[in-house]
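Order as written gives the chain letters A, B, C and D; numbering starts at 1 within each chain.
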Amino acid sequence: MWLTQLFNGLSVSSILLLIALGLSITFGLMKIINMAHGEFIMIGSYAAYVTQNVFKSALPKSAFDAYFPVAIVVSFAVAFAIGYLLEATLIRFLYGRPLDSLLATWGVGLVLQQVARSIFGAPNVAVTSPSWLDGGMRIMDGVVFPYKRLFIIGLVLVCLLAMYLYIYRSGPGRRMRAVMQNREMAACLGISTRRVDGMTFAIGSGIAGIAGCALSLIGAIGPTIGTNYIVDAFMVVVLGGVGKLVGTVAGALGIGMFNTLFEWWSTASLGKVFVFVLIVAFLQWRTMGLFAVKTRSLD
Amino acid sequence: MLQALTAPRTRKLWLLLGYAAAAAALFSAPLYLSDFRLNLLAKFLAFAIVALGLDLIWGYTGILSLGHGVFFGLGAYAMGMHLKLAAAGGRLPDFMDWSGVTKLPWFWAPFESFGVAVLLGILIPAALALFLGFFTFRNRIRGVYFTILTQALVIITVTLFIGQQAYTGGTNGLTGFTKLFGQGLKTDGMKTGLYLATVIVLIGAFVLCRYLVKSRFGKVLRAIRDGENRVRFLGFDPAMYQMAAFAISAALAGIAGMLFVLHVGIISPSMMAIVPSIEMILWVAIGGRGALVGAVIGAVALNYAKSSLSESYPEIWTFFLGGLFIVATVFLPGGIVGLAKQIGPLFRRKEAVHDQALNPVLRESNRSV
Amino acid sequence: MRKVHLFKSLGLVLTASMALAACGGNEKGNASPSASASPSASASSGASAGEGGDTVKVGILHSLSGTMAISEVTVKNSELMAIDEINAKGGVLGKKIEPVIEDGASDWPTFAEKARKLLSEDKVATVFGGWTSASRKAMLPVFEELKGLLWYPVQYEGLESSPYIFYAGATTNQQIVPSIDYLLEQGKKKMFLLGSDYVFPRTANKIIKAQLAAKGGEAVAEEYTPLGYTDYSTIIAKIKSAKPDVVYNTLNGDSNVAFFKQLKDAGIAAKDLTTVSVSIAEEEVKGIGADILAGHLVAWNYYQTTDTPENKTFVENFKKKYGADSVTSDPMEAGYTAVHLWAAAVEKAGSFDVEKVKEAAKGIEWNAPEGKVTIDGDNQHIYKTVRIGEIQSDGMIKELWNSGSPVKPDPYLKTYDWAKGLSGGS
Amino acid sequence: MTKPSILSCEKVTVAFDGFKAVQGMDLALQPGELRFLIGPNGAGKTTMLDVVCGKVKPVSGKVTFHAKSGSIDITKRKEHKIAELGIGRKFQTPSIFAGLTVEENLEIAMSQNRGVWAALRTTAMKKAERERIDAELSLIGLGDQRALRAGRLSHGQKQWLEIGMMLLQEPEILLLDEPVAGMTDKETEKTGELLQEIVRKRTVVVVEHDMAFVRNFASKVTVMHEGKLLKEGTMDEVQRDDRVAEVYLGRRRDVDAVG
C-alpha cells in the first residue's frame, strides 16, 4: 500500500508542478500575479478538446490515437498566442505593479471564462484519451501505476528540462534572465525588453496550456476549471521561493507528498486543512520560501 | 471664481457640505427607494465598511490581505448564530437536529445574547487578525508572501466551516432567520431601522478611520507603507502597528459581516472564499486606495454596477465586469478618486498636480515582490 | 493634497446621488436597461409589469456564470422550452408567459438578492430556479416573506417542506432509499460512501447508514472531498483497501469527472466494482465521456430513453431547439415538468394569485416525459417513478429497474421505521 | 585616548551564504568622536554599520553599547530596540517616506513615545514639538517645503531631510552611509556644514568614498579591506600607509554584491 501511496504522492506532485511551472515564469520571474493562470490551463484543455474533435471528424479512425501529441503542441501554441496577445495589450502596462496585475488579470480570468462559456457552452465537455494511455503498469498484485499518471510525470520532467535549458543554457533565456533581473541595464545592453517580455509571458502561458492539455486526461474540461487549480499553483510557487525553478519543484513535491499522506491518514478535507496550516507555519519559519533569493536592499 | 471656491477656508466648508449632502441623501433613502433597492443599498453600505477597513490596511499600510472574506464571514456567522438561536426559539437549530447533534454545543450558547454576539462578532475577527499578525508581521512576512498566506487562511477556514456541518450548517450556511429583539425581521419598520443603523455604523466607521488616518498612528502607518525597515530604524516596531491596523481592519470587516447577515438573511462559507475576498480588494482599488472616500465610493459603485449589469445582461454580464476590472486597474490606477484628482487641476488652472502626489500610494501599495 | 478635498466631496455627492438616482430610476421600469440585451434576455423587457396586459412574467433563476453554470444552464433551457410550448398553445389564461432571466452566479446571497428582485421589482407570478441546496435555502426565506412561489427542479436531501416551494425533483425516498434497497436485493451489502463535502451527500449518507444498519448492509467507509477536488488517487487507494461491493457516489460537478477518469486509469472497471451515482445524468455523461462511464449505475426518475410518448416529443423538441447533439436529463425534465405543472395549476385556479395557485395545485396530475406525475398536496412534492439505470457506451442510460408506479414523496421519511430519529424533533 | 568607549566591536564576523563579508573586525568609538570608515568596494564598511544598527546579525563577535544606563549587547536586540537605545542610522540611498510631507517625516522621526497607544492618542503636535520641528526645518533649509510630499524633493533635499530626521531622533551614536554620494558640489558643501553641526553633540560614524570630503574633517579614519581592519589613524597617517595605497591604487578587484 505504501508503494501505491508513494506513487500517488509523486503523481499529485507532478500535477502540481505542471500547473505551477507556467506560473513560476509569469509570477516567479516576471512578478505578474497572474490570476488568469488557471484560465490558460482551461484554454489548453479546450485546445485538446478541439484537436480531438478535428481528428474525430476529419481523419480516419486509425489516426485518432495520434491526436494527443498534436494536442499538446496545439495547446501550447494556442495558449502561447493568447498569452503573447495579452502581454502586448495589457500586461505590459503592469510591470512593477504586481498587485495591480493581480486585479487586472482577475478581470482577464473572468472574461476568458465567459468567452469559453460563449464558445463551448456552459456544461463540461469530454476528451477521449488515446488508447495507448489507457490502463496501467502492473507492479505487483493490487499495485497499478496508471499510464496516464506516468505520462504526466514524464511530461513534467520534459517540460522542466526544456525550461531549464531554455532559461539557463540558451541565448534567449539569458536575455530573459537579464531583463527580469535588471530591466534598465539589459535595455542599455541592447536587449529588446519588449520582445523578451512578450516571449517570456507567452512561454509561461504556453506551459499552462500544456498543463491544461495533460489535465484533460484526468480531470474535467469546463469554463471554470481554472479556479480549481489557481490557488494550489500559487502555493507551490510561493512555498518554493519566488523566482526559483528548483524551489517550485521542491514546493510541488512537498505539498503533493504531504497532501497524499494527510489524506490517507485523515480525510480529504482535513488533509487539505493540514497542508495549508503547514504552509502557513512553514512560511513563518522561511519567510521567503524554501529557496529564497537574498537581497541586501533596504526594502 | 473657481479660485475663490478653492481658497483654504472655503475648501473646508465645501468638504463639510459634501459630506452633509451625502449623509442627507443616505438618511432619506427610505423615502424614495423601493424595499428591494433599499435592501440592496443597505448591503452595499455594509460592504463599504469592509472597504474602509481594507483601505486602512492596504491603502495606508501597504499590506494586501486577500483574506478579509474570513473576517467578514466570522462577524457574519456571529450574528447568524444569534439569529439562528432566536429563530429556533429555545430549541436546537434545524440543521443541528438533522446532523444528529442533540445538545447545543458550548460555543453556541453565548450567542443567545445579542450583545455578546455583537461583541464576539467584532472580537473574534480582531483576535484572529492579531494572532495571525503576531506571527507573520513579527517574522516580517510581507508583500506577496503575506497575500498568499491570507489566501491559505481562507482555504483553511472555508474547508473547516464546510466540514463541520453539524456545527456550522456546512455549505448551506445559516439561513431562515425570523426575529431580532423579539421583533419580526421582515417588517417594514425593522428593515428601515436596520438600514438606518447601517448608515450610522458606516458614518461611525468612516469617522473612526478618518481619525486613525489623521493621527500620528496613521502617519506611522503610511511611513511603514513607504519604508517598513526605515520605520524600524527610527525606533518604531512596525509589527505592532501592522497588527493594530490589521486587527482594526478585521474588526470593521466583522461589523460589516454582521450587518450583511441582517440585510441578506444568509451567511455561508462561500461568502468567505477567495472570490469575495478578491472582490473586496477590487472595491478599494476601483474607488481609489489610500483615500477613505474612495473605498466607500468603490464599494457602492462596483456593487451597483455588478447588480445592474447582471440584471440587464444575465448571460454575459461577466464580460463587462471583467472588462471593468481590467480597464479600471490599468488605466485608472488611482481609482475614481484618482481620476477626480487628475481632472481637478483642469478646473483649477493651477500647477498640475503631478503624478507623484499619488505615486507613492500606488508604488508602495504595489510593492510586494 | 491641498485642494483635493473639494473634489473629493463633490465626487462623494455625485456618486451617492448617481447611485441612488440610478437605483430609483431602475425601480420604475425595469424594461429600459434590458432593451439592448442579448436575445434571450431581451425577452424579459416588456412594457408590462407583472401580469398586466396580455402577458404574465415568470422568473427563471439559475447560475449562468460561476462553477454551477455547468449544470444549471441546461435546466434554464428546458424551462424556456416549456414556456415556448405553452405560449405556442396560447399561453396560460390567455396570457403569454414572459420569462425574466436572472443569474444566480453560483453565489447563494445572489440567489436571495435576485429572488427578491424578481418578486418585488418584476412582480413575477412564479419563479423556476435553483440547483444546489444552498441556493434553495438562501431563497426560501425570501419566498416565504414575500409570499412568492418557487419551483425547484433538482433532487435533494429532503427534510424540508416550505409552503412556498414546489419540489419538482426527487426527495430521498424517491431516489436514494429505493436505490439502496435495490442494491441490497442484488446482494451488495458492503458500501463505500463517497461524496463531495456539502449538505446533500452528508444528509444522504446519514440516511443510507441508518437504512443499511436496519437492513443488514454495512457502510465500510465514508469519505468526503472538498467541492472542486480534482485528485482522487488517494481515495481510490482507500476504496481498493476497503474492498466494498458498491461505491455509493454523491460527488458533485467536476469532481465526478476526475473520480471516474482516475478510477478507470487505476484499472477498476464497472464490472469490477459497482458504483451508483445520484448526480450523474445524461448531461454529465457527455462531459465525462461515455467510454469512461459505461456500465456504471445511476439512480434517477427520468432518462432520455424513458419510454413514454410524452418523452418522445420532449426529446425531439429539445433537439430541434438546442441542437441534435444535445441531450435531456432528469433535472431538465423536472424543470420542464415544473413549468407545465404551474401552468396547469394556474388554469385550474383561474388566477395567477399565489395562494389560489397553491390550493389548485394539490393533486394535479400531468403526463410528464417521465410518466404520470402528481403533486402531493401535503408537502408540495411530486409523486415520481424511481428508476435505476446503467450508462451505455453511447452516452444514453438504460433502465434496469423501476418502481412500477410513482412513489409518494416523503421528505421527512416518516413512513420508514428505520428512519425514526433521523429527522429529530422537527 | 583612554576615555571609556561608547561603542566597542570585538572580533565581529559576518557571513552571507558562507561568504565572509566581515572577519574579526574590531572597532571602538569614544563619546563625541567623528570617525570615518573608508576602504574599497566590498571592504565590509556598510556591513559594519548594519551590524551596529542591528540590520545584520554577526555569526560571532560582540558589539557592546555603553549607554548611560549601562552596557548592552547589541547583537541580541531587535532593530527598533537598538534605535530606541540611541543608535541612529542613515542609509546610502535617501530613505525618507515619500508619501508623507516633509513635516510629517520629521514628526515621525522625532524622539517620542513610539508605542501604538501613544500614537493612537496623538492627533496634533504639542507646542514644544512644533518648535523643535520648526527649528530643525530652518537648520536643514527646508522651511518652504514643509507641506510638500517628501517624494517630490530633489536628491540633495532628501538627504538633508534624512539628516534632519536623524537629528530629531536624537541618537547618541549616528551612523551615516555615504551622506554626500550623488550630490552636487554645492550640496556637498552644505552637507559638510550640517555634519559639523551634528558632530558637536554626538558620536558619529561616516562611511565615505569622497576623500576630499573626508579631508575637511580633522578626525580619525578607519580603513577596511576585505572585511578586515587595515589601518586606523589620522588622514595623514592613513595616506602614508603603503598597504592602503596598494589597496586603493594597486590591482583593482572585481566588485561583488557586498559593497
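Methods note: contacts are C-beta pairs under 8 Å (C-beta built on N, C-alpha and C of every residue); 3 or more make two chains touch, one makes a residue touch a chain.
Please read all numbers here as calculations on a predicted model, not as lab measurements.
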Ask   = Going by the average position of its CA atoms, which chain sits the greatest distance from subunit C?
value = D
Remark   = Higher number of C-beta pairs in contact (A-B or B-C) found for B-C
Task = Report the inter-chain centroid distance for subunit B and subunit C in whole angstrom, where each centroid is the mean of the CA atoms.
result = 33
Remark   = Note: subunit D sits from subunit B at a C-alpha centroid distance in Å of 42
Request  = Please compute the C-alpha centroid of subunit A, do the same for subunit C, then give the distance between them in whole Å.
outcome  = 34
Inquiry  = Multi-chain contacts only, two chains or more: what residues does subunit D have there?
reply    = 91, 95, 149
Key: Residues within subunit C bordering two or more other chains   = 1-2, 64-65, 197, 224, 226
Key: Multi-chain contact sites of subunit A, meaning residues that touch two or more partners   = 113-114, 267, 269, 272, 298-299
Query = In their complex, what parts of subunit A are in touch with subunit C?
reply = 1, 4-5, 8, 11-12, 15, 113-114, 117, 121-129, 134-136, 138, 142, 144, 146-149, 215, 217-225, 227-229, 260, 263-264, 267-269, 271-272
Note = Counting only contacts in the complex, subunit B reaches subunit D at residues 211-212, 214-217, 219-220, 222-223, 225-227, 229-238, 240-241, 244, 290, 354, 356-357, 359-361, 363-364
Query = Taking the complex as given, what residues does subunit B use to touch subunit C?
reply = 5-6, 8, 11-12, 14-19, 21-22, 25-26, 29, 32-37, 39-41, 43-44, 91-92, 94, 97-100, 159, 162-163, 165, 170-173, 175-177, 186, 264-266, 268, 270-271, 275, 291, 293, 296-297, 300-301, 304, 307-308, 310-318, 336-337, 340-341, 343-344, 348, 350, 353, 357
Remark   = As the complex stands, subunit D meets subunit B at residues 53, 55, 78-80, 83-84, 88-89, 91, 95-100, 104-105, 107-109, 111, 114-116, 118-123, 149, 151-152, 165, 169
Key: Residue ranges of subunit C touching subunit B (in the complex, touch as defined)   = 1-13, 15-17, 19-20, 22-24, 26-27, 30, 33-34, 37-38, 40-41, 64-65, 101-103, 105, 107-110, 112-114, 116-117, 120-121, 132-134, 137-138, 140-142, 145, 159, 197-199, 202-203, 206, 224, 226-227, 422-426
